[in-house]
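Each of the next two complexes has chain A plus one other chain: chain B in the first, chain C in the second.
Entry: the complex of A and B
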């Protein structure tokens, strides 16, 4: 890396200046926040860390409507999503300065709860529970009586395919995974330079969702002990299935979200994608020339009698223990994710797929996404599929499992080697990390 | 009288007053963070029960556990070996090219010197992340214009993001970006050599090549030592290029270089204690290696001067 001393000196002095400036604003902020905490009965102002685009406009609705009445003002602060936000929240919490509200993906809730970041808001969210599917709500309670977040969006998994190319090659939309494998092989026979899809190791959520569909329970509790089942029978079945397809060359092994992947989708080199309800947005930017040529179907099943799907993505709104106004924050969280006007605004401004069941087919979701204008019943179908989402089982170190997945499955996909070995690595690393932190783990 | 005395007091205290800003900044933004990182490296979390709810997680003393874990961590050691291999390509090639370009620019016969100098230097002005992205696109078989041309000519198309070629691919980015800077450093010290030295050499019948090898290179040796020193540090800290290429290929793991492992442990796995210990080890290794090299180089120079 050509970072030489000279450049580093420059950046260091720049960093110092910034740090000094930040120090000054931090001091100023300290001064003003003291004023806030004293005025508990009066006007309340809350900070909300979120990565959802357009959230400021939705928050404006609150500030001008119900928030104005209750004198609760919310300020949305845009954040980077994913793992880095979790680290940022944990660090802020360590300093006792976490924001009042945070956006958190479902799988990181146990990590945050385990670090005592999230407040129990069960008393302040009213009848919010009734607005969500049980499987979705259960993720925010971690199986306890507490409620640690209000679900915002969900990502039920579906099968996307190029309708025109499936017709051209005489392929049938697979309803079972066995048929899926047959379809991949049939395509290879008819067009050797094309792939049905790819196995990508750069997003752990995809594999986690597929395992969830197969019935995997990665983290469960037994009394005071955690049990890790990352290499349980269901997950092994899924790993072996995809590993075999990669090994025999029936599908590609290159990661997604890369320029070649975009090109493969755009030119029809890859003609299907196992994805979630948010796929139209991704396809719009990745494969703009294929507009109107795709169709969505339920995820293939492990046996014909089944009808379940996994979930990939989705997030919730949580209140932190550092917040001095937890009840007010919980009130906003409940409004944001259950109020009709808020959900419509979220759908319009942010393009999210709401977790609240009644919002999944109304308003913005009455018509299909523009990219799928050829499938008028897109969202009706999506809402039906969302109902079949299998329960998920997250634990306190999902981040470790996900990190290990990327490396273990990345090299297995590259070398076309045994995926079950990679799965075992994931299991071992996850258990080792839990034990290192002092968790009791049952065998 | 009184005013004179006061003045002398002021003069006495002045150096300390001038030192205060630097000392405060150094303490606040350098010594304290480093001290805190070292402190963290001796800590760890201890969870009780299921770890859910308040007070279930405590920070406790870990002794040297984080250090022994880091030193026995095969990923960290593999990462160090990978970086060593990478450095063995980058440092000689980059400095060799830098020296060659500097000597060529310094020769009498060069044309368009200012333009050439700028052209070679320019890649250095491009941020490492942008450079890595740019090259990444050129390496990826499906979008690379090189592969397109090779394909049209029916020539073999090597996958540069796999196995051994990956080291070449990464090294190429570093060489492309770093040669210009090192060239400027060497070139500047070439310019400082007095013209009489060349004149004397020419009168003694030295050819341009002999002047270059016997006079110029030994006289810019201090600059070579300096650039070598910088290059070693930069190599040990390689992070931008592999991190940027990571999402594009399965060949680069999230812990490819030691610094990536630190980043991964701190921000991926959320174990800042282990990350702090690894960071301390890397800092110490960098200090030892670079200053060890500097001392060895200095000693040699002194010996040669004494001779």
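Entry: the complex of A and C
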């Protein structure tokens, strides 16, 4: 993708809104969706790219209910999720053929906005903001006055452990990371062939979430320049902590989501997992024989007085600039993620953990997930933890940072070498890519 | 999946020189080093296939917990789960793949036969230039063309349609190249000349005289194109957004990538991959007999 022109924070309209938000200039109140001037005239049909399973059934609710009244018909087109979908959306946008609505993970929103794919829907989503935690909502505004998406699901991070094995080995659930390290060492002493957990470098979201909890801000804006802080003090602390544990052999260094990892969880070779609210689903397939033996606790903290968590995963519904009916699309996006009936259906059909706070403890979330039937207050606890999610700071080339993470940390974990060096590589590669793309980066 | 198919292709192709069995063996001693090398190669190619076959019989709980090459008990369940997934969309994908591959390979073979024959038999200005351009096309991996093709078809408003996947795959530079080489070798100029003397039209010479001689080569082109289209991922991925039009490669990918917080449907994907290999294997077994008509079956004695 050759980009020759020098670009600022976000291109075109987006750049102006950022400028306003930063108080840099008083003009430029304009700039944003061009398509919302058209009133609801006649029937409108919208397409929606999503990877959420069962979304077609939720969309049916809209088409038969509020959509029918407003003559807005939505068709969900199921896609494969992940980074490849971003590429597909960008390609479609180049041809002017992006769908009206797309599902997008929070960390790719800046990428999409800087390519001018997402429309500002702040005028059309009504009071949706009030339904979400501030830290969640802030991810869809990118710190500007614009709104580029409506949050759908979130992945607050938690600590999962084998309740039975913790009891057997006389371990206490760690509340701080220091205790976490102690627990890992204590387990090694009692059962040398077991591991508390593993450090895996094959999902960058995990490390990003852990750094976020420690207060890292990987991408921030300074004037109209980007500032990359991937190797800031907080991230270095996290990298060093895990690197040291791997080096001394207190935890395993094998990647997760592999057959050996499944086996390690299933047979109790690994007895804990730092994960997020969606872990029960993963454990159901990865470790089917351990049903009812796990418990969930808040993530360990960096100091006892703190109570924050990071997030791992989660996505939003966004409206594209290619849409000819942006107002109608925004209306649907708001309904999908704030309406009670829609959220209940999403929970039931798709198994998502909703971003809207009012849905986190009601209906489908009154009972614990089946795999955790031994922990009746699972979702009450989860909702409390979700409130403590630290704000996140994503930039326009998260994909590059994530790819470098996998390479640099993957080999560091394998060779048990210095994690901070790997972190510096990640920082350098990310800055270099931003500059190559034509963004201005401050040192 | 492509490596599996290639593995199958290798073994299927490897069995064709079976005609050698008709002759008495010249040497009784088996050459040890080549045999072992080939056996190792065969094991290397077949092991992943064996894994897919066995893993397809395992239920979700057996998949990662029992011994890798121990067959499980869940094939019937996997099969019915796969058929039930989103009202049987899997079979729709299978049908789409068959449509793209059969129609695409047929059309591509026709185009290749026409142009290969023309390039081999007729002398006209720019023939070599055209052929060299084609050769350059052979060296160009089709993957890098997918996005430009998407942008082109978007201009014609053809994206997200069956045509958008079929059209780009009809012209295969490699198929044309192969056809020209084959036509040059299999269709002697004397035969074409004899046809002309007898007053047959050029079309008649092509269809009645040359084409039958080119059949084995065209079967090869057809098979290559069939496998290439069946295994193609990026082109349909870029072109299609409606999952009712997806081929099997793309459909299985959506089962794997369900978003970070939804576990991948491994058992369904593995069973789906296993079933998707069967048509390819069947095709090779059925069609390989045409290969026995080799270059020797010509009309001119020399």
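In the analysis below, the second predicted complex is superposed on the first by the 403 of 443 C-alpha atoms of A that agree within 3 Å, B and C clash if a C-alpha of one lies under 4 Å from a C-alpha of the other, contacts with A are read in each partner's own complex, and residues count from 1 in each chain.
Following the convention adopted for this analysis, a contact is a pair of C-beta atoms (placed from the backbone, for glycine too) under 8 Å apart; a residue touches a chain by one contact, two chains touch by 3 or more.
Here the structure is a predicted model, which is why all the values come from computation and not from measurement.
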{"item": "First (chain B), second (chain C), both or neither touched by A:144", "value": "first"}
{"item": "Partner chain(s) touched by A:312 [first = chain B, second = chain C, both, neither]", "value": "second"}
{"item": "Which of chain B and chain C A:111 touches, first, second, both or neither", "value": "first"}
{"item": "Partner chain(s) touched by A:263 [first = chain B, second = chain C, both, neither]", "value": "both"}
{"item": "Which superposed partner A:294 touches (first chain B, second chain C, both, neither)", "value": "neither"}
{"item": "Which of chain B and chain C A:276 touches, first, second, both or neither", "value": "second"}
{"item": "Which of chain B and chain C A:80 touches, first, second, both or neither", "value": "second"}
{"item": "First, second, both or neither for A:396, with chain B first and chain C second", "value": "first"}
{"item": "First, second, both or neither for A:286, with chain B first and chain C second", "value": "second"}
{"item": "Residues of chain A that lie at the interface with chain B and also at the interface with chain C", "value": "84, 259, 263"}
{"item": "Chain A residues within the chain B interface of the complex", "value": "1-6, 15-16, 19-20, 83-84, 86-87, 90, 110-111, 113-116, 142, 144, 201-202, 221, 224-226, 253-255, 257-260, 263-264, 321, 396-397, 399-400, 402-403, 406-407, 410-411, 413-414, 433, 436-440"}
{"item": "Residue ranges of chain C in contact with chain A within the complex", "value": "60-61, 64-65, 147, 150-151, 154-155, 159, 237-238, 241-243, 250, 253-254, 256-264, 266"}
{"item": "Complex contact set, residues of chain B against chain A", "value": "25, 28-29, 44-57, 94, 124, 128, 137, 140-143, 162, 174, 177-178, 181-182, 230-231, 233-235, 237-241, 247-251, 253-255, 264, 266-271"}
{"item": "Residues of chain A that touch chain C when the two form their complex", "value": "47, 49, 51-53, 77-82, 84, 88, 91-92, 94-97, 99, 105, 153, 155, 203, 205, 259, 262-263, 266-267, 276-278, 281-282, 284-286, 288-289, 312-315, 350-353"}
